[in-house]
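Letters A, B and C mark the chains in the order given here, with residues in each chain numbered from 1 onward.
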Amino acid sequence: MKAVCLRLLATGLIISSASAHEMEEANIPLVETGLDVYLSYSYRNKSYAEQDSEWQIPGALMGGEAFPVDEDAGLDNAVVDYQYAFSPDNGVQLTGEAHSGHGETSFSFAHYWYKHQWRTANSTVWRIEAGRMAAAFSPLGNYHASRDPFSEATLAGDIFFGRSFVDNGLRGSVLLSNWTFGAELWNGKSWLAQKGQAADVFAFYRGNHGMLDYSIGAWAMYAESEERRDIRYFGGHTHGNVVVSSNDLKFTGDNQVYGIDAALFWRTGEQSKLGVTLSLSEFLQDGDIVESQRMAELESDHQAWILGAQWQLAKHELVARYESLQLDNTLRGSAAVVIGRDTSLDNPEGLEPERTTLTYRYHYSPALTLRLEWIDESISDSDQQRWVAGFVLRGMFE
Amino acid sequence: MHMANRLKTSLTLAFPLLLAACGGSSGGGTTVNDIEIPVVARANDTVIDCDAQLTGLGTDFASGEIRGFALYVHDVVLLASDGSEMPLTLAENDWQSEGVALLDFQNKLDTCASDTDKPTNKVLQGSVAGNLSDVSGIRFRIGVPAAMNHGDTAAANTPLNRSDLFWSWQTGYKFMRFDVAPQGGVLKPDASSAETWNFHLGSTGCTGNPQTGETVSCSSENRPLIELDVSDIANQQLVINYAKLIENNALLSDQGGAVGCMSGPTDPECAAVFDALGMGIAGNDDPTPGQTVFSVETVE
Amino acid sequence: MRFHIIRVASAALFSFSLLACNGGSETRYLTGDEAARTFSWNIPQRVPLPIVPEDNPVNEASFQLGRHLFYDLRLSGNGSQACASCHKQNMAFAESLERSVGSTGELHPRNAQSLVNIAFNPTLTWANPSLVTIEQQIMIPLFGEFPVEQGITEENKAAVLATIAEDSTYQELFAAAIPGATSETINFENIVKALATFVRGINSFGSDFDRFEDGESGVLTDAALRGRELFFSENLECFHCHGGYNFTDSTADSSQLFVDTPFHNTGLYNIDGAGAYPEISQGIIEITSKPSDMGRFRAPTLRNIAVTAPYMHDGSMATLEEVIRTYAAGGRNITNGPYAGDGRANPFRDGFVTGFEISDDQIQDLIAFLESLTDYDLLSSPRFANPWEE
């Protein structure tokens, strides 16, 4: 019932803001040959998982790339992005990515895809992209510390998508004045849609009114999981000498994720603006959990909301974010208790993960940003406060 | 006494007229005949019961007495000279039920130790559809069919309620139980002595399904199929010759495993006994083809 | 344009309220076995119920009938032996003899096992992949001839039944346990079913270890806690064969997708250098006849292990320390006597029995942990005690 409400709400939002505004984006080239490099490096005084143990949030089935941050200094994330333009309207993009954990750095050739766009009358742009790429339907499904105001991913992104939704797929989108509509099809290499398929649709609207800029978007994804597992701590992606105690839980079933995002900015001066952002999302899982030789039915309803506020003045930027999750699970069957107790689904305290992040960023130059963060969270049995100091480097080579 | 052993036949009218009226292509009618097939158990020429002194047994010509002598039989089929088959429908009685018959030659209680008489069964009773004068052979299988072999023995009805034929540790029945006490006992490899040389035939290597509680399969079914020629079924009987069964075994000394043969593939006594029944054991495929224990003879 | 913003803002506010008023985080368990749990199983909610044969559902009347039969010497050929003669409550329903003795004095090839939690056994006895229900197993002690245990035979079974049928206590118990009971009802089918229900009801999850796992503090000694770490370590590998809530990999319950029936050769013997165990008891090879099944036995539960000495299928080890030292050595090397041979070199030895380093102090810690698996309530609980002495 709750799911239905949120879905209707999302649909309503798209329809309610139907007015046309000229989009600048339609006129900039889709592809420009060149190399972009981003790098985020931070020091943390605490980690949110004990060294050599697994990071699990009670009530959630984690996986994908949702690794905990490390105590001490380390590379959050580095991205090397190469684009080659055959023309302003078509080309390829290749992305390599590195991140570290438990004192090791790993590098992966993350994305490679082809994109093409056509312009038609009324400045309408039709775009097709295909290849291995990150999903574009939701801001929660694609996180890189070097490109985000925050050095840590959202809890919702970590729990719903395993930090990032990356897969082989096809994306089609239409840019129609202030509107962007799109749909994506995925073939089952991501964590969420393990061995299954996924499809999503999204729409967002950008507009302005006097000194106000605003955007509103809604998105929905359906994904199938076939024996989805948490392989963060074994298999091809192990950091350090983590003691593998991971259960061999497998989830097979349907996933539905919906969300709306809204942002409102008030340009208060030449070099200053104030903004608030809101993200609401809901993640539903319905399927079977198999753990060793037992099975139970799982129905999950996870809801997340993220509220943000920011203030920017020249090179200074203050951003605050509050995240809250509600993780509701029902396990059915004679093995329900055993499976629950043996896995991270058990949530005897009814924990609702919460996190508040306060970030100050100093944009020294287009190539360098300094970042200071203070984080207060309760995502496991105990509360934690930690602080982070780091920098982001950007380089563009044409 | 002679008459009692005689194969008795009686004709029962079935539906020959009806069949003819249907105008089917089959010629002639089918008669259903009740039939009794006597079974006699001997050791060489001695007819087996609790009081009989059996002689000339096995490779060391032992003498001895039975302690138990019973076997289950099913799938009895009479074979016609034209190659057609006439399945025998076993009558329902204390010794026969649901197609399984128990033949039992032990005529005293308490493994023959008692003076009290115990009932025996030395006949197969049933009916066949067909002309008995055409019968040129008989075929039957020893044992309890797989579908009935692993039921709840505690709840079973006669003749499957015999506790001395429960083979609980193999979750089934003993198909044949021929226990004989040779004079002088059986010397075991460890120099101790046992009273009886036992032959217990049954399915082995069974595994169960713990979720259903059912036995799912047995690696060795051990149900020998016996096929014999018949010339005059109305005047013939089946013969079980125990001496043939243990012809190549020494009853006075056991080489290991269970004393005698309890169907254990590694039991040194089992190979020869199984061979006599026309079966292989433990990959040893019936070295001397055919069985030697069962025969058909004409009643004098 | 203004009203757009208002609509967006109000929608956002509405969304907040939507999220704010839902129930919050919870993981709830709907096992659907509430009806089945009304029987006094002595099994906590966190443990799934055992598999119960459809034709013998549990109920209290059947349990009580079974309890009377379990303790009744008259349920034997010569009136000298009951189930309880070899399965004593104060020893967690095992006994102190190395090998049991039947009603006619015959020595059994094997040590009497604890009956606690055997409702969770996928296979019964020490080594028999064909025995998958307690009902099937009970026929062996009642009617078995090789060896004779309770010694009921074709000749005396009518007399045994008559003795039971004449007892007015049983007449009441049978009438309560079996709907529509008649004089015909007092038969071995119902005796076996009631015995099975009693044994199926002897469950133990009330040890100090269980209290520790349930979050109670101060229930395990420091030594037991150190022993626990050792037990679950990859170095000792204990939990590979003695894992799970019943401390054996040979565990079946109603929640499993499939049930495994594991057996292990632990290198106790190697008489001929080719892996042979003493002929009297060789493991599931006796059933399967597969040469590689030599010496393979079921791993028993370790619950209440401290009170079930002696150990192993033939009772050939007197103490837990001896058992641990044998596993530390990777098997047993017998240097003289008829069973001489180096079990450590048994070709069929299980891959997890490879030996480990352990200090004397650690052995004592491990024993302290094993002692924490004893459920003292069970050993004296009136629920499982001899009803004829009440």
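FYI, a residue touches a chain if its C-beta (ideal position, glycine included) is under 8 Å from a C-beta of that chain, and two chains touch if they have at least 3 such contacts.
Treat the numbers as computed from the prediction; the structure is a model and nothing was measured.
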Starting at chain A, fewest touch steps before arriving at chain B: 2
Furthest chain, CA centroid comparison against chain A: B
Interface ranked first by C-beta contact pairs: A-C
Chain A and chain B, separation of their C-alpha mean positions in angstrom: 76
Inter-centroid spacing, chain C versus chain B (mean Cα positions, whole Å): 39
Interchain centroid distance [CA atoms averaged], chain A/chain C, Å: 49
Multi-partner residues of chain C (at least 2 other chains): 256, 258-259
Chain A - residues contacting chain C, complex: 2, 5-6, 9, 12-13, 16-17, 19, 58-59, 207, 209, 212, 214, 216, 260, 262, 264, 278, 280, 290, 293-296, 303, 305, 324-338, 340-341, 345-348, 350-353
Chain B partner contacts - residues on chain C that touch it in the complex: 51, 53, 55, 121-123, 128-133, 135-137, 139-140, 143-146, 152-155, 157, 187-189, 191-193, 252, 256, 258-259, 261, 279, 285-290
Chain A contact footprint on chain C (complex, rising order): 1-2, 4-5, 7-8, 11-12, 14-16, 18-19, 22-33, 45-49, 245, 253-260
Chain B residues touching chain C - in the complex, by the definition given at the top: 109-110, 114, 152-155, 162-164, 166, 168-171, 204-211, 213-215, 218-220, 256-258, 262, 264-266, 282
